[in-house]
Amino acid sequence: MNITLEQAEKVISVAKEKSKAIDTKMNIAVVDAGANLVAFSRMDGAWLGSLDISIKKAKTARYFDMNTGIIGELSQPGQPLFNIEHSNNGLITFPGGVPIKNANGEIIGAIGVSGSTVENDHTVAEAGASAI
Amino acid sequence: MNITLEQAEKVISVAKEKSKAIDTKMNIAVVDAGANLVAFSRMDGAWLGSLDISIKKAKTARYFDMNTGIIGELSQPGQPLFNIEHSNNGLITFPGGVPIKNANGEIIGAIGVSGSTVENDHTVAEAGASAI
Amino acid sequence: MNITLEQAEKVISVAKEKSKAIDTKMNIAVVDAGANLVAFSRMDGAWLGSLDISIKKAKTARYFDMNTGIIGELSQPGQPLFNIEHSNNGLITFPGGVPIKNANGEIIGAIGVSGSTVENDHTVAEAGASAI
Amino acid sequence: MNITLEQAEKVISVAKEKSKAIDTKMNIAVVDAGANLVAFSRMDGAWLGSLDISIKKAKTARYFDMNTGIIGELSQPGQPLFNIEHSNNGLITFPGGVPIKNANGEIIGAIGVSGSTVENDHTVAEAGASAI
């Protein structure tokens, strides 16, 4: 099962609404089950550097089928996955990446959001992922 | 002058319609005046390898403010710009990248399309660019 | 709004004067609003390795519209942006990168300075940025 | 012997004058004897994609101590250096890169120019190199 473009657009649309509702400007990326980009939107005035981060968050969430923040806890100094960010041409392991599941609970892609605090990034990513 | 997300979404929407009208499945990328991605859509079933090509076409069109196919004529063996594709982390110099201008004729971004023949790619890119 | 070459040259000129005044040898880079290099100077005898660092500092400051040192505090182990440096082909998040604003307070580019202690790097970057 | 920043600035200044005199907008890069960037200027309105090309031309000219166009003749299909552009993270082998020599004829650096036809690029590079 793979996310469709129509679903990805719905994810981005809901994420944009949430972003506006909490007064932020976000880069929003959606990847499919193969971790390849399906849709992307950079809101006017959003940080340029968050473009790459949002895509890397979406890929990271699908690479390991979990929220990026969970990996970030394991990649700290002394933890089991220290510096895992060096793999896959660069992971981003702080919050803002969330897997997207279909009605059966199967992972069909992931969303990555960047442009504010990691808490806000995660809130917007969660809103987008829950649109499916 | 820089393209807005709303303008970029309109460009992609018109490009998608054109793509469907000629029975193709495209990757469509829009970059701003700084050659940074603003919006992207991969239609269901479109070639995965065209994802990167569409983004590189959009960047290439903005890097040199001309249709990508023009550069491709000049980069052939024996021509003045042979192997220019090695610059800028990889250019794509066949048709499918087109600058986007505002009402005053100023370049505000570019569109890149990939997923079919280069003729079809260019047709869809032209349709998208003309939406502004 | 985008920085002009004349403005970028003034930024570098003032930064060089400051660098000499505090007896340092610097690499100084200025990027525009799109985070693309506009002007660069490496003072005689400045560290070679600081060439890339100065450019990455300038890009990083524009990517997130803040001084690089602020990001560096957030990217420490246990902090919210741990290992953000893996994004955007490599960020530099210690001091020495500063956004450049015009008279209206709009960010039109950024300066990155590297070649001495991070305190000195920041001092010279601040001097350069304040030239506009 | 290595080019000084003062010399590099003179090279760029003369190249800019020449560029204006022939009504072009150029990216101009100067590298030292170690092929590392010393100074760079992007004239207002110059092609963004020429930024990387000008630096690669300067490096290429110093890597092989000859005008870049000479290498380009040897890198054509069937010629001895076919596709040499794949080395050194990307060479640019069409005209616009010229070694810079001191009064004793020793090579102390190189200039790379990009932003117009390769003939114009070379003309401006020659003018800059002859300033020393």
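As written, the chains take the letters A, B, C and D, and residue 1 is the first residue of each chain.
Everything below uses one rule, namely that a residue touches a chain if its C-beta (ideal position, glycine included) is under 8 Å from a C-beta of that chain, and two chains touch if they have at least 3 such contacts.
If you want to know which protein each chain is, UniProt gives these names: A, B, C, D = Heme-binding protein.
If you're wondering where the values come from, they're calculated on a predicted model, not measured in any experiment.
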| field | Pair exhibiting more inter-chain C-beta contacts, B-D or A-B | value | B-D
| Distance from the mean Cα position of chain B (Heme-binding protein) to that of chain A (Heme-binding protein), given in whole angstrom | 25
| note | For the pair chain B (Heme-binding protein) and chain D (Heme-binding protein), the C-alpha centroid-to-centroid distance in angstrom is 29
| message | By the touch rule stated above, which residues of chain B (Heme-binding protein) touch at least two different other chains? | response | 34-36
| Which pairs of chains touch each other? | A-B, A-C, B-C, B-D, C-D
| task | Going by the contact rule at the top, pick out the chain D (Heme-binding protein) residues touching chain B (Heme-binding protein) in the complex. | result | 47-50, 52-53, 56, 72, 75-77, 83, 85-86, 90-95, 117-118
| query | Which residues of chain A (Heme-binding protein) touch chain B (Heme-binding protein) in their complex? | reply | 4-6, 9, 34, 36-44, 48, 51
| task | Flag every residue of chain C (Heme-binding protein) that touches chain B (Heme-binding protein) in the complex, lowest number first. | result | 32-36
| Residues on chain B (Heme-binding protein) engaged by chain D (Heme-binding protein) in the complex (per definition of touch) | 34-35, 59-60, 62-65, 77-78, 80-84, 86-89, 91
